[in-house]
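I have placed the structure first, in the form of structure tokens, so that the comments after it can refer back to it.
When the chains are written out, they are named A, B, C, D, E and F in that same order, and each has its own residue count from 1.
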Amino acid sequence: MKKVVTMGEMLLRLTPRHYKRLVQADSFRAIFGGGEANVAISLANLGHESLFVSKIPDNEIGLACKDVLDENGVNTDFLKFGGERLGLYYSEEGSGVRSSYVIYDRLNSSIAEASIDDFDFDEIFKNASIFHISGITPALSKSCKELTKIALKKAKEAGVFVSFDLNYRSTLWPLDEAVKFYEEVSPYIDLCIGVIPEIHPSFKGVFNEKSLEKMFEETYQRTGIKYITSTIRKSFSATDNRLSAGIYNGRDAHFTDEIDVRVEERIGGGDSYTAGLLCSLLDGKDKNDAVEFAIRASALKHTIKGDYNLSEREEVEDFVRGKHSGRIEW
Amino acid sequence: MKKVVTMGEMLLRLTPRHYKRLVQADSFRAIFGGGEANVAISLANLGHESLFVSKIPDNEIGLACKDVLDENGVNTDFLKFGGERLGLYYSEEGSGVRSSYVIYDRLNSSIAEASIDDFDFDEIFKNASIFHISGITPALSKSCKELTKIALKKAKEAGVFVSFDLNYRSTLWPLDEAVKFYEEVSPYIDLCIGVIPEIHPSFKGVFNEKSLEKMFEETYQRTGIKYITSTIRKSFSATDNRLSAGIYNGRDAHFTDEIDVRVEERIGGGDSYTAGLLCSLLDGKDKNDAVEFAIRASALKHTIKGDYNLSEREEVEDFVRGKHSGRIEW
Amino acid sequence: MKKVVTMGEMLLRLTPRHYKRLVQADSFRAIFGGGEANVAISLANLGHESLFVSKIPDNEIGLACKDVLDENGVNTDFLKFGGERLGLYYSEEGSGVRSSYVIYDRLNSSIAEASIDDFDFDEIFKNASIFHISGITPALSKSCKELTKIALKKAKEAGVFVSFDLNYRSTLWPLDEAVKFYEEVSPYIDLCIGVIPEIHPSFKGVFNEKSLEKMFEETYQRTGIKYITSTIRKSFSATDNRLSAGIYNGRDAHFTDEIDVRVEERIGGGDSYTAGLLCSLLDGKDKNDAVEFAIRASALKHTIKGDYNLSEREEVEDFVRGKHSGRIEW
Amino acid sequence: MKKVVTMGEMLLRLTPRHYKRLVQADSFRAIFGGGEANVAISLANLGHESLFVSKIPDNEIGLACKDVLDENGVNTDFLKFGGERLGLYYSEEGSGVRSSYVIYDRLNSSIAEASIDDFDFDEIFKNASIFHISGITPALSKSCKELTKIALKKAKEAGVFVSFDLNYRSTLWPLDEAVKFYEEVSPYIDLCIGVIPEIHPSFKGVFNEKSLEKMFEETYQRTGIKYITSTIRKSFSATDNRLSAGIYNGRDAHFTDEIDVRVEERIGGGDSYTAGLLCSLLDGKDKNDAVEFAIRASALKHTIKGDYNLSEREEVEDFVRGKHSGRIEW
Amino acid sequence: MKKVVTMGEMLLRLTPRHYKRLVQADSFRAIFGGGEANVAISLANLGHESLFVSKIPDNEIGLACKDVLDENGVNTDFLKFGGERLGLYYSEEGSGVRSSYVIYDRLNSSIAEASIDDFDFDEIFKNASIFHISGITPALSKSCKELTKIALKKAKEAGVFVSFDLNYRSTLWPLDEAVKFYEEVSPYIDLCIGVIPEIHPSFKGVFNEKSLEKMFEETYQRTGIKYITSTIRKSFSATDNRLSAGIYNGRDAHFTDEIDVRVEERIGGGDSYTAGLLCSLLDGKDKNDAVEFAIRASALKHTIKGDYNLSEREEVEDFVRGKHSGRIEW
Amino acid sequence: MKKVVTMGEMLLRLTPRHYKRLVQADSFRAIFGGGEANVAISLANLGHESLFVSKIPDNEIGLACKDVLDENGVNTDFLKFGGERLGLYYSEEGSGVRSSYVIYDRLNSSIAEASIDDFDFDEIFKNASIFHISGITPALSKSCKELTKIALKKAKEAGVFVSFDLNYRSTLWPLDEAVKFYEEVSPYIDLCIGVIPEIHPSFKGVFNEKSLEKMFEETYQRTGIKYITSTIRKSFSATDNRLSAGIYNGRDAHFTDEIDVRVEERIGGGDSYTAGLLCSLLDGKDKNDAVEFAIRASALKHTIKGDYNLSEREEVEDFVRGKHSGRIEW
């Protein structure tokens, strides 16, 4: 067991039940999640030690949030309590031709207003193998941008393998600011999830193997990051998707099989891919085997309610070995 | 904003949850709806002013029914209170190879026993652009038949565009009586939804573009109605349908693209098509653009729980412009 | 029917089901409410015309909020759309010896950041009989303080009867600032709900008729407000309360009977008292009859889920006439 | 085991969950019940053979209704299928000071329109010990009135002990018509539940032992029925009642202890008393022991969801022996 | 109506709602079922008389189990009460690529420890046409193995047609023991559902018409059983299956059409096939028509929650006649 | 923070929702608990370090059980995985005059069949301050009896304060065997919860301060245990109880105030008293203050769903200081 550190925001997600629209809801499912937390939880469920770093308010909503991490076996020793509020968002689950969408209400959250003094990175990165963070965290606030930079630098100094999920959100910061940041921190990054957004005119995930390989190359040219990976999602409808993934190491690209998924819960699908990939790296798999494992972990996650992959490693391995018919195992 | 008037029965629908059969149900979802009410609500959600005319009992069930109209912004100034009861029906939602079905319990309802004096059509049609009613209303009772005729006549006199959804139900009246009525009122009608039922041997909706065009022509020959339209539903299973629609103007027919829908709630699918069509006419679209908009409004409605389309106009327009992948909109 | 105008914040309340604690919740009931909105809705249900003034975000959460007002027949013509977010709070329902409590998350809400230009008070108060606002609104932000003052002044100028619910919340502003504000605006106020908080050492609602009468007198001395009223709540447990109320007109006080209530939902209990009182004033009841009606309206509200009183006037009148045994009415 | 025959209407009851008001409901609990059916089911659960006679529609709603009888072990050999509809009613559950109430929608039901030829009373009463029917059945329709008379006469001729629950409902027939009917059929009746309604000015159940004894005497004088019994309900609130009962045999009256009940479901409370009484008579208990058993059966029923008493005989006997503390039985 | 007898274990199934994983569940749906009980219930719903033989504990869990049989009209005269416990199992419903699985907790159940003296087979088989039992029952315990053998022998002696569903479960007994048992009892069997497991290297249901026909032949060679039948399930995912079936009579095989099913509840799918087949045999259909009816009964069952087919015969016949589009039947 | 060790069985509790009876349930709430686990969880929530020792099956049900401990912050380092099954019980929640009851299904559970080698007590008791175990554990099986004895002895040797909850269950072992065991292990015990069962003729908890004091004395005479404590529960109904407690130290007894509780969930009420008491001892409170704290912790627990007290220490302290009115804390 090797330790993975992730850092970021954890939010409350409010989602109507049974595909109801937001305007129809008289109750919301309450799910605590967030990109980096989802990766930490999924890794813990895959059997690795993971540690999540963040700041959450010192009230019962903060405690409820922490419970989720504890229940899933994530180390919360560096979870700070304080600040104003837990960020939240409303999410409506699409169905068929109707898309899902999200309304953010995450300004002034505890992590967005956290200071660098809240975290002792020397302690945090002690014995760590991997550090993972996403491009959402630096977009939250000016202090989060600084915090992200310092964390990346400290991780690199501590000899930790650094994974960065670009995860560009136009609602949080402008494209040029984001790209500038990506380029600035690329020297600290070993694995980049996603490609530089500006190099694709319609960066809405609509690409195929060929176009993705080209984008891998360009991203590599501009950043020099050693590994670049991305999923390919063909979205026939909100409930029927086809998944695959590719990885590039500066020389050649590998693309996985395509897997049809029926979506029980879409959110967290990308994070479970990242967790599957990091799990594979910790296990010593080569890059090609790693993405085959990762895309199947992600496919399984799509069938599971909530943000996190609750699949155990054995289930994913069975899937890699061909067992995914959906038959009852008596 | 132009005013649309609709008139008809509003019923309580009792449906077991989660595709349970009626005999398994220990509770029912309670939905207030009805063809013309559904059209009024969907139009209000698309941003038009709509007014619904009916009679409902003067008790809490009547009030609950009225609340739905108010909540959705439908004008209820001409909703009369009185009479015995609100009609109702039990509906079992099919799944896969199992069909949905309906048990009516709508005799002696307030509207079925309403008298013409309950309604002041001069006031009702003041400033109205469109009047919509379905062939269910005249089938409810002798007085409803009379009421429908008078309403159609008054609408025509007031210079209002008249839309009529044939909606033939063999459980409510015999075919010959219905057809005779359709022919009698056809001079008042500008837009006919559906084709004369008797002209197709297996009038169960199983037709294609070619056969539909022929039926359009025959219906036009017999009624002289200016616009005739119909949806085409290919029902692979209770949960997977393929939708398209056609419209005919006495000269030529236009047929829309086919759209695959995953059915969250089937009931109200046709009414949302009608609402989409009337919305387009009010917006000044030509007949071909109108049905393209309408069929997409209907497709979106199939993904929404309840009888009414809660889609806003922007969503439907986005769909017309090609956005319907079901991806999350972050 | 005479028009009542209320103005204030409308929030989303998130409450776990079935007396679960916040840390246990995996879903929340979602209720849109707020002191002044609750008064407007309760008045509409009692048969009066009411109009609610506020600002809410221009998204589906704002729309869902507006739906509640529409469904209950409140005039929303002066509801502005815009701003950042809808304020919200988490509320845990107590049971027995366990108290209810609330976590606010209402900073930077649309109304807190609204400007005076958002509202046209000349139009708003046209034909209004009563204006009601609470002491929470001026505590929300500096601009809300200004907005409240202007609204009170404009109402007075328009000859409208002004009702003000002190509703002091120590978590929103300091006591001295609040009291200073109360005294500053008292010339505009005709009816004060509650007594100046500082005059009672343990202002936690624990008073009896005698002490309340004295506090009425002092409040009257300091503010000169014509009518002062307050409920008296004996809280045996979170689920068992005993209610009564008093009113003072500068000369003499009247106290109502005590009524035992079993609490289905506590929030909105005070607002339903206010609504009952304003309803009685509009109906021309004298002050003593008014509080007898109001306290029974409030008692009934405690048995109803949600923030608002859904009792019709006839129910409350029956209660005044002695019918409240809880027997089935076949 | 001795056979009890009951005959009457079975209705669908639609009740919102969790004390919601009818206007708040977006779903209803669905309970099939009715006075005489409830007695039959409760008796079956107490271990006696019971047979229920009625007519229900020949559709899935009728089947669902029959399932409840089958599941509870009631003989349904004489349940006829046919007619228009199953009668139904909406019932709002009161809480605390808010009363429960009921909206009937039971006109034109299958039983109301049944003919005497639907039932073969010679077969029905073969080997029967007791026949029970209520005063609701003759009030349903003219044919039901006739049917009731014939059934009572046939039962008497077959030497069956006849129990009749007056159950006067002013919404179904006028007082004088009801009383005339009671007097007409009294020669066939051995046990009368309730007293002649007209002899008490405020016949709303508000009486005490003394006044009840007097009413027993008068009812006896006018009808000559051998046994007359009634429960006494002190309704502190919709959720807190105090129960007792009395019985009179033409000479002396016996009154039971008073039992405090917390109401989980009020409907069926009276029917469970009747069932407890009939059970005791079948078991050979004397009249005083019979009502002590019966009132405890009824008290237990008030704690059970649904219309019927699911208590087994042992539970009631334990209660008679003093065990009703509500402690856990590990 | 001809009597079918089935005998076996009835278990409590605990399943999380809405495709949640077992580790996520805070509640379980509770379904009482078991192979032979499911067949008996499905047959009763198809209109045949059926009788279920088993032993269940003498407590409220046993009673709840019996209620299900009574509600569905199964004769429970030979259901014994006694023993330690009702066996149970946890089942997680798969979705898409995630398989369903089952955790058994059925040791020491009442039926597993029943003795032969608990059952009077002469009475049980009186007037019976068919006896059905599965290969799970002999695998439960040593005494159940004996019990199965005696029941099969007694049935044969009574001239009853014997149906046996191999239903091999490797978690209950080793393959060689099972096969030895099958061969030992084959002289008593008229209809064998499934093929000898050992003759197919990957006996996980992955076969086609050709390979199945060969396995039919081999099974026939080794057992001499007159009729051998099996379903063919193509499992694209846990929620999308394609069903067909074949039957062999020692000379020739018939295979049905393939039917696509969307799975609402997978468990009981095989039992509903068996019930459809036995229903057809009782109705005098030939073997080919019988399997066409049976596979459609099974397809419909997959759309129904719970273990049992609630389809009526008319529904299945309609399906055979081609009606399965899933359209609403108004 | 001082470490408390508890050891025992953890079971799955299956309880129908909303006071339904077991025979009415179509689903069960699933709660993992057990006396000693409940104490460990409640202590963790009160802010102390606790460690729970047990054995649970190595499957998803075992994992779900462990999740509950992790989520609540209990140390699970000595939780062994293995054995057959998790014990379970069905529990019906009483209401009013209807008692709760329990059906055990806990034979052959993993802990009942655990061996002494499964646990390394030297490691377990390292740095422990308190060891708590109940009289249920030795009653589970012969090996559990041995295990309990060894654990008690090892704890004493390690200098750990030993708490023992007699918790006599007649369904698990005979009285004389239990008492013999209590006397045998009393030298290892510092705190005894409950009194020797045989010294009170009707040991059903019906005692008052006077009789309890006498029983304390006798228990002290026979066992020599330093501290003896017990709660006093006056059970007016399943939903209304009055709680107090007493403690005895060989010289004098102290009895707490009486507290009225409205029961949300009764199970775990005693364990929360024990946890409150141990918390107080760890905090250095004297025996009288300890029971005042403990009885209030228990009172709060009765208002909380599930087996464990989720109250934080501050809430209990507030209650001790007099705040328990149930008012909203805004």
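Assume a residue touches a chain if its C-beta (ideal position, glycine included) is under 8 Å from a C-beta of that chain, and two chains touch if they have at least 3 such contacts.
No experiment lies behind these values; they were computed from the predicted model shown.
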item	value
Length of the shortest touching-chain route, chain B through to chain D	1
Chain pair equivalent in interface to C-F, over half of contacts matched, among D-E, B-D or A-B	A-B
Most remote chain, CA-based centroid, reference being chain B	F
Averaged-CA centre spacing for the pair chain C and chain B, given as whole angstrom	42
Distance between chain centroids, defined by C-alpha means - chain A, chain C (Å)	44
Per-residue multi-chain contacts in chain A, two or more chains	21, 23, 26, 67
Category of the chain touch graph - line, ring, star, complete, other	other
Touch relationships between chains, expressed as pairs	A-B, A-C, A-E, A-F, B-C, B-D, B-E, C-D, C-F, D-E, D-F, E-F
Footprint of chain F on chain D - complex, ascending	259-264, 296, 299-300, 302-306, 310-311, 315, 319, 323-330
Residue ranges of chain A in contact with chain C within the complex	14, 17, 21-23, 25-30, 59-61, 63-64, 67, 84-86, 88, 90, 92, 103, 105, 107-108
Interfacial residue positions of chain A with respect to chain B in the complex	18-21, 23-24, 91, 94-102, 169, 171, 204-205, 233, 235-241, 266-267
Residue numbers on chain E that touch chain D, as the complex places them	67-68, 70-73
